[in-house]
Every structure is written in C-alpha cells, then in structure tokens.
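Two complexes come next, and they have one chain in common, chain A, joined by chain B in the first and chain C in the second.
Right, the complex of A and B next:
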C-alpha cells in the first residue's frame, strides 16, 4: 500500500542513509528540457538514484468531459490529447462507437483511415526524433525533423483540409474522399523522405557523438518491458514483437505489414526503430493507395439522411454530416478497442447506457504507460543521460495527462 | 610613424605605458571584439540556419541580412533589470562576471594583433596569456557558487572538470609549439615562422589540432558545451544571471574564443605572414582569426553534446598521449626554425 510521501521527506530519507550525499534536483516544470511535467531527480554525485516523474500539469479531464458530450463531439475532444497524432488516437473510439451502433464502415473508408493514420504516424515519429535531437543539443536534427514534418502535415491537409486536428474518421466512414492531387504529392513526399532518412542516418544516427550518447544508455530488457507494460516503439526496440496493427483493425489486416523489431533495447535502438518505422509507414501508405477499393466513403445508413440541399457535396467526395448525426443513440453495452499510435498502443473502454452520450469512457494512452520508464531506465546513469533517455522515449506529456 | 607613437607624443605619455592600455581596449582588444562578436554570432546563427533549412536572423536590418539583430538584443538586455537572487552572495555574484571578463580582456595585452601591435613584449608572453586564460574558470566557479542554485553549482562542478582537462591539453600543445620555435614570446614565434616561411600548422599539425580541440572545450563550443548544458542544467553557472551581467557571461565565451583563436593564428598560422606592414599585417591576423572562429562555431550544426565522462576520457586518455607525439614532432621539426 502506497503512502503519501512528500519529495522533501524522501530526499531526507535517502540522503540521511548515505551521509547526506544525495541531493534532490527539480527539473521542471519551468525548464528547457522538461516538457509539461516535472522530473524530481535524486542525485548521488552525478549518478541518478531515483527519478520521480511528477505528471498532471496538463490534465484536462478528458474522460469526464467525454461523458458530457454527444458521441460525435467527443471525437474532436479526444484529438486534443495528442494533437500531433490525432487520427490514430481517435480511431479506436470511432470503431468502438461503430460497434455499438452496429455500423460497418465501407472498405474505401477503412483504407483512407489507414492512409491518414500512417501519415500521422510519420509526423509523430518525426516530432519525436526532433525532440530526441534537441535533447542531445543536436539542433540540426531538431530543425530537420520539424521541417520535414511539414511535408506530412501538408499531405494530411490535402486529404482532410486540416493540418493537425483532422476529425477525419467519423462513425460510418470518413469525411472526405482522396483528392486526385494526393497520389502525385505522396509519391514526391515518399521520394523526398527516403532521401532525408539517409541524411538523418548520416548526420544524426551514425554521428559518433550521438552514438556515444545513446549506445548502451537506458537498456530495457524484453522481459522487464513486458512486465512494466511498456508499449509502442519502446517495446519493439527491446525485441518484443508486438504491434496493435497486427490485430488488423482498419485496413491493416489486408495490407502486407511487418513490425520493426529491434534487439538491444537501448536508447539508440529506440531511435532506430522510429527511423525504420517511417520507412514501413511510407510503404504502407503506398500499398493502401495502390489497393484502394472503389465505392462509397460513408455508410449508407447516414448517407440517406443527408438533406437534399447539401447532397451535391457527395459527388465532390465530401460528406456534410446530417443533422441527426449529433444525437445518435447507441445500444447499451461495453466495448474495448485498441490502436497503435506513433507513441504506442492506445486503448479505449467505452460503456454505453443507450443514451446519446457515453456513460463512461476510459482511455489509456501510450505515454501514460511509458512514463514508468523514466525511473526504470535512468537509475544508475549520470544526469547527462537523462535527456538522452527522455528523448529516446518520445514521451508526450499532454497525452499521458489526458 | 606608427599610430601608437603619434598618440603617445600628443598625450605626453611614454610608449611603454600607452601600449598595454591600448592593446586590451582598442585592438586586438575590446573595441575590435565588439564587431567580431556581432559578426560571429550572426554568422553562427546564419550558417546554422542555412544547414537547418531556416533563414536565421533577418528582420532587424533586413537589407544587411539581419546582422544588427545582436545589437538589438544587446540593447534590450542592457536595459533589462538585473535581478540578484535573495539567496545569492550579492557581491561575488555581481563582481564575478566583471572579473572574469576583465581577466580575459587583460590577455590581449600580451597577444599581438599584428606586426608591432601588442601591449608589451616579454619572453614568456605565451605563458602569461595561458595563465590569464586559465584564471577565468576559477571565477566561473565563484559565479556558480555565489548563485546558490543547484543547476549553477552542478555547472560549476562541470567547469572544474572540463577546464582542467582542456587546459592540460592546451598547455601541452603550447609548450610543444614553444619547444619547436625555441621561444615563448609571440613576436619571436611569428618572426621564426616568417623567417622559415613555414607556418607552424604545417610543421606540427598534431599540436595545432590539440590546441583547436582544447579551445572548443574551454570556450564551451558544441560538442563540448557541457558547462552550459541547456538540456540538463539550464545555463550552467550562468543560470541566475539577468540583464547586462548575463550579456557579460555570454560574451565571456566569445571573448575567450577570440583571444584563443588569435593565439592560434600567431602560434600556428604564422600571424601576419606574409605581410609585414602594421595595417595590412593586422588585417591579415584579424581575418585568419575570424576564419578560425567561423570553423569552430560551424560545428554546432553537425554535432550534439558529448557526455561528461566521454569528454574526460577523450582528453585524458586520447589527446594527452597525442601531446607526447606533438612534443616528439616538435623535437624533430625544431631544425626548421633555428
């Protein structure tokens, strides 16, 4: 049973047992490299004894707010958890509600969702790589990754009309059809990104200084990773072959997909997994575009109810949501869904009492599961390794705090 | 008649008194340092921006490519309130940056900026310059301690480790050079290279390399910017400084870089070689120094930061044995500068 211990008491306990050698360092919440959180670090000389991640600085009561909104309005709320990965984080929720509604999205919509999910994943990985770069004071990697992320934000905005909060997947399908321009733009983007990945390898991944900082730092054994419930690229870097995409939601079951699995489990391997996953994602998008089925993008049950005045938009590949859509009633029941985000696996547990709003929505985000790694990996390393570990985890505080 | 003797005859002051005042204050000292800092920081940001697909400073003086950005920042910082933390040791907190900067400025008295352009000539001027440079880390430690902040104190601890490792390498390369030229006076060293027609970097590239790497460490350049260590310890020993005192701590590293690269020019690049008139020779020294500084700031866009133990290992276990090679090379190359 955990008892409430204030940080100050803790340092006195540890410090007292070691002749007052241990000092307590508050990294954050106002710090160049803390993010929206605080890391309470206990240092014996330069060696980390313990790290307490103090989270909750950007807690926005997502789960409670979801209970006060109609089903469709929850989508744009949940996007705010991980604004950089908004299709991936809302997809399991949309699928959960679809299950309760008894609606199956048309195949074309499933493929379009997959395309946007992978674009989001690349953007999210680039974001993580950029942050990982600046944590090692490698400002070029930071700027490059954020600059190249724009390419994928552009692709996303072509597809959905928005750069970040797309609200693209809705119950019964997607909001917009694939524009003709997209295929050309994507093949350009793919060529560009593959070229850039080689640059990243040269300047960042194979840079002797960066390798020296990351190699053998924060090693996570596969057994321990599973015990701790770590997820996403951090889990795969340890050599565990688990990826929620293997369950075959959206169109993943029909595409040829192999997860990237590392073996060392150190910080370098975690960065490597992200770099290689970008390649896999590019390949997945190409596959999805190639085998994109023809047909409607929205379920017939809702298409019927679109008022005649805005029906002409349908021919242009756009869905104007019908008025009754906001007051959809689901059947009572409980659904559990999952999806693989850029940071890892997100799971939703949705309980419905048959009303127009969720009765209870439980969200477990990947960052919330990975936060345990700060303490696990940093112990025994020096203070300078802490940014290297933080950067390699691709931890996103707003997502963990929900 | 040289400008110095013209000025001394007008002011009625003796030449030997005027020189050590003019050298640190005018050229190669602080007055010359202003445009150098302005240009180098601008070039650093501009070159890094170019590599990183950005534009860098642009909006202040758009036609000049934003070169006045630093001036604008400087004006802002100069009028900012200087906050002294309640828990800080007030006097040492406020005086330490000034003392550190003065120490570095004093170094300009012995380092010549051109033929006949120097504060005073001594046959141990190399050692004097080294001693003055290596005093400033002590003041930096005082800054960290006086700030009474955990980040500052960790930064001060890093400064101790880093400066000892860097200065041993620096001294080893300087002594190797002195052994090669058979002199410890900057003027004599430059003349020796002039007479032989071979700059020291050709005769002893190992010592030159050691000097360059040690300078990167001492002046907190990437990949050795551990003392600043923004991602771990915010701004190291300078965390608590604001306003004009912060500007001084920031200028400190650039002033050190400037004076050390000036030393590099004199010791390894033949100083004012191949010119011998005061004006053109000074310009030559100045240009060589600027190019060296540009190379050292360019590394920012290629490397990240090395870890403390790796830096210590690199300097003690890899570069110090290399210093022995530099010494033996000097012993062999000594015949060139006889």
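Right, the complex of A and C next:
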C-alpha cells in the first residue's frame, strides 16, 4: 500500500522525477481476473520497480457483521468470502463453535465434510488454473478448466443441493447424507479428471509457449516464503512442507495424505503444485468414500429434540434442525482453528462471551497473506511478467478483503 | 530443439483432439436441467401446515423471511422476499411441520422488485402456482458425469 503518501510522491522518491524515468501505471480497479482490485505498478522503462496492491474494493466488514448475527446465521455469511471454496472456508468456523458448544460431530459427518472440502479444492484449483491460463492469453486452458470445474460443481450439487454456496457443515454434523448415486458418479469423474490432467500437461504445463512465460519467473525462496508468512500452494511450491491438513482436522488424520511439495518456487512450479494437488484430492475423496463409516450424520444432542412430525427426513438422508438451534448458547471462551483451503491456510479466532452471537470473530484468509507477494515477486521483472505472476498466485480479492 | 517441437505438436494435437467432443452445455430456454434430488430452489409455503412459530424468520441468514400479521388470523405468518433469498434452505430444515419445502425451480421472472416481496397470502397462492408449473414444465435434460466428455445430457421422457 502507498500508505499516507500519494502515488505521485512515491514516484519522486523511487526514481526522481527530474529525468522522468519512473512512471506509474494503474492496472484496475476493474475486474482484472478474479475480483476487483488495483495494482499500482512503478516502472523504470519496462522493468518493475515496485508494485502496490491497492486492496479493499470488495471489503464487506465480514468480521463486524458476524458479531450481529446468531452463530448459525454466520455460516452462510462467511461463505461469501470465497464463494468458490465455501466448505473449506466455513469448516474452521463450524469447528470453533463446536468446540465452544462441546459437541463432537459423528465420524460419518467428518468424512462427508472431507469429501466436500476436497471437491471444493479441486474446483478452486481449476478456477485458479483457468484464470492463470487467460492471464497468459491461453483461452483454451481457461475454457477447459472452467468446463471441467462444472463436473465437480455437479458432484457438489448432488451432495448438497447447491452448486457453490453449500452451507453444508453445520454445528454437530452435516445437512445431507451421501446419495447412492454419488459414488458411481464420482468414480467416473475421477477417471475423467485424471485423463484431463494428462491433457493439461500437454496443452499447458509442457507447452513451450507457457514454459517460456512461467519458467524462472517470480522465484520465491523457501526462507523468504516463511518470513513473509506466505501460505498454501504458493508456499509448498517453494519447497516448504506445510499444509494445515496435516493437523488432522475433519477426517484428514485418518486418511493417508501426503502434501505436494515443489522445489523451484517459480511461477511454473506453483501451477505444477496445483495440478498435482488435484490428483491428491481425487485420491483423498476415493479413500474417504471407501472408509466412510456408517452411522448418523448429525449429533445426538440435536437429533433427539427434532419434532416427531419431521423425523421421517432423517431416514431420507436429510437432517432437520431443532427449534433451539437458532439461539444456541456457547460457553464463554476463546478458540483458534485453522483449515487448508484451495488458496492456502485460513485461520479463525472466535471469542464468545456466552451469548447467542460471537463476541468477536477474527478471520485471516490465505489471499490476505499472499497479497504481499505481488511486490516481492514482481520487482526486477518486466511488465509482461506481471500477468504471469498474478496468474500463478491464484489470488482471490473478495477473500483477501473480507 | 527437437523436444520443443514435439511439445508444440503435442499441445496442438491435444487441442485438436477435443474438437470432436460435443460441448458441455445445452440450449437452456428450450431445455431445462432436471435437477438432482434435494436441489435447493425457491421456497414454497403451505399455510395449512404452518403453526406460526416464526423459527424460519429467525434462522434466515438473509432476512428474506419476515413474520406478518394476517387479517382474521391470530398467529403471525411468514412472508417471503424472493429478491433477498440466498437459497440456503435453512428455513426448510428448521420448520417443525414441513410447511416450508424446497422446490427445484430458481429461475423466476417478476415485473418489479416490489412484486418479489410476498406476504403470506401472496406466497401461498404463488407456491400453488409454482407447484402446478413444476409438473408441467417443458423438455428436461438429465445431467450425468461421463468418463469421456465430462458431462453428458440425456433428455428425460
């Protein structure tokens, strides 16, 4: 951010305006790719001297709004931060409230959450790959990735009834059971996607035109990545083995999971990590389906108070909420939870004063942590490398602005 | 050099091989997707089942549901603002009598913003109309995942 100094003053400080060498270029604030933001780029000729990401165009005061709503009504609010990854972003919040309520979700519910989280991750990565493609004028990659994303949105809608805003995880479990049809449809989707990943490798990843644009561009050293607090595939591409899923929330602790770790830390490696993570996610879903435990999907504390007239829904794989669910009271306390989204690690810090609404909810999203990379990686590169760097970061402004 | 040439040819060949596949889309107004079981469309209301408990209005995250006083009725009844609804379906989950239910419709056209705000009486009548239409809607396409093409559409007869 240019902080208190106006952009014109920055130019004078960086390059001296006497010879007019440094110019400033405003990119945005329309919708450059994945949301509204502006990049203020300072250029010496064609070389980037500095990049100021001008954030905040889609700031919606999520944290403050959360304080004005009952716990259950906050779930669908928080989904709006990252609509493409809605199960991953709400899961840590749901787990935080569950900890304060003293409710442990049944095993089947934990597995179902994992399945939807991984479907979300694949869809989010495909979205990021598509956006990365169109940044490099590779329209085919864009259309393919967005088309294949439909397959996973369809799977999500089979499971939850909605394509994007699932509101699937609720306190004490999940809202729908796995439909019988899902297992068959998923195995077809898996075979299809693995085939498509080989196509992506040929069309995009190994394409000399793309390699020429991405290889050796925006290199992030592991030490620097850790210092900056970068997260997600961008961190792992630099060779740092960190993934919040390793902490074993939901059902991850019971599944065989190895994070994808890169080496080079350049833009190409970041794309590679995303491509390989799709494979890992497909494998995780298959494992979760195979070892899916039988049993209820909603905690007994809530199911026993469901009115008898609507209990028949439980047998049909849908839960009903008891009347007291709106005004749930948690014990006073503070909880810190985290989860790995498609873009990286999201952390929640929830403070409760024992009321029916959160006293304070602090959210730190992965994009908010990764935004620092624009300046860090682009310096010294030419302006043409900026889209390549942006595309490789999978930055999502609505998520960063909150 | 040879490898690079090969990679270029590979990339082009992969793109060309996809040309023969049918697109992952269909002509929407002529055909409509046959929604999967449990799809969350607009909310329908049956006033004869409603007990006026107001739980739906309390849980609605978008405040699309509000309780109204209806002349000649002692209890408050819910009204529906379709413009605000986010189709989360939480109201249907908490309704203790199944007076609220999910439909498989979400593409509804209204003349004005005001007509999207329905009081309990309007909502009851509108729900009846939508239920009737749901049966009689035009040609439907069922979506299946396909190993070869991604998504495949099959007309429902």
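One rule holds for everything that comes next: the second predicted complex is superposed on the first by the 391 of 402 C-alpha atoms of A that agree within 3 Å, B and C clash if a C-alpha of one lies under 4 Å from a C-alpha of the other, contacts with A are read in each partner's own complex, and residues count from 1 in each chain.
Simple rule for what comes next: contacts are C-beta pairs under 8 Å (C-beta built on N, C-alpha and C of every residue); 3 or more make two chains touch, one makes a residue touch a chain.
The structure presented is a predicted model; accordingly, all values stated were derived computationally and were not measured.
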item: Touched partner set for A:203, first chain B, second chain C, both or neither; value: both
item: Chain B versus chain C as contact partner of A:261, first or second or both or neither; value: neither
item: Contact breadth on chain A, by residue count: chain C or chain B; value: C
item: Touched partner set for A:140, first chain B, second chain C, both or neither; value: both
item: Chain B versus chain C as contact partner of A:213, first or second or both or neither; value: first
item: Which superposed partner A:154 touches (first chain B, second chain C, both, neither); value: second
item: Contacts of A:319 with chain B and chain C, given as first, second, both or neither; value: second
item: Which superposed partner A:75 touches (first chain B, second chain C, both, neither); value: second
item: Overlapping contact positions on chain A, where the chain C interface meets the chain B interface; value: 140, 144, 147, 203, 207, 209
item: Complex contacts: residues of chain A adjacent to chain C; value: 69-70, 72-77, 140, 144, 147-148, 150-151, 154-155, 157-158, 160-162, 165, 167, 175-176, 179, 181, 185-186, 188-189, 191-192, 195-196, 199, 202-204, 206-209, 307, 309-310, 317-323, 325-327
item: Parts of chain B lying in touch with chain A, wherever the complex brings them together; value: 48, 51-54, 150-151, 154, 222-223, 225-226, 229-234, 300-310
item: Residues of chain C defined as touching chain A within the complex; value: 4, 7-8, 10-11, 13-15, 18, 24, 36-40, 53, 55, 58-62, 86-90, 93-98, 102, 143-148, 150-151
item: List of chain A residues in touch with chain B within their complex; value: 23, 25, 27, 31-33, 46, 133-144, 147, 203, 207, 209-210, 212-213, 382-387
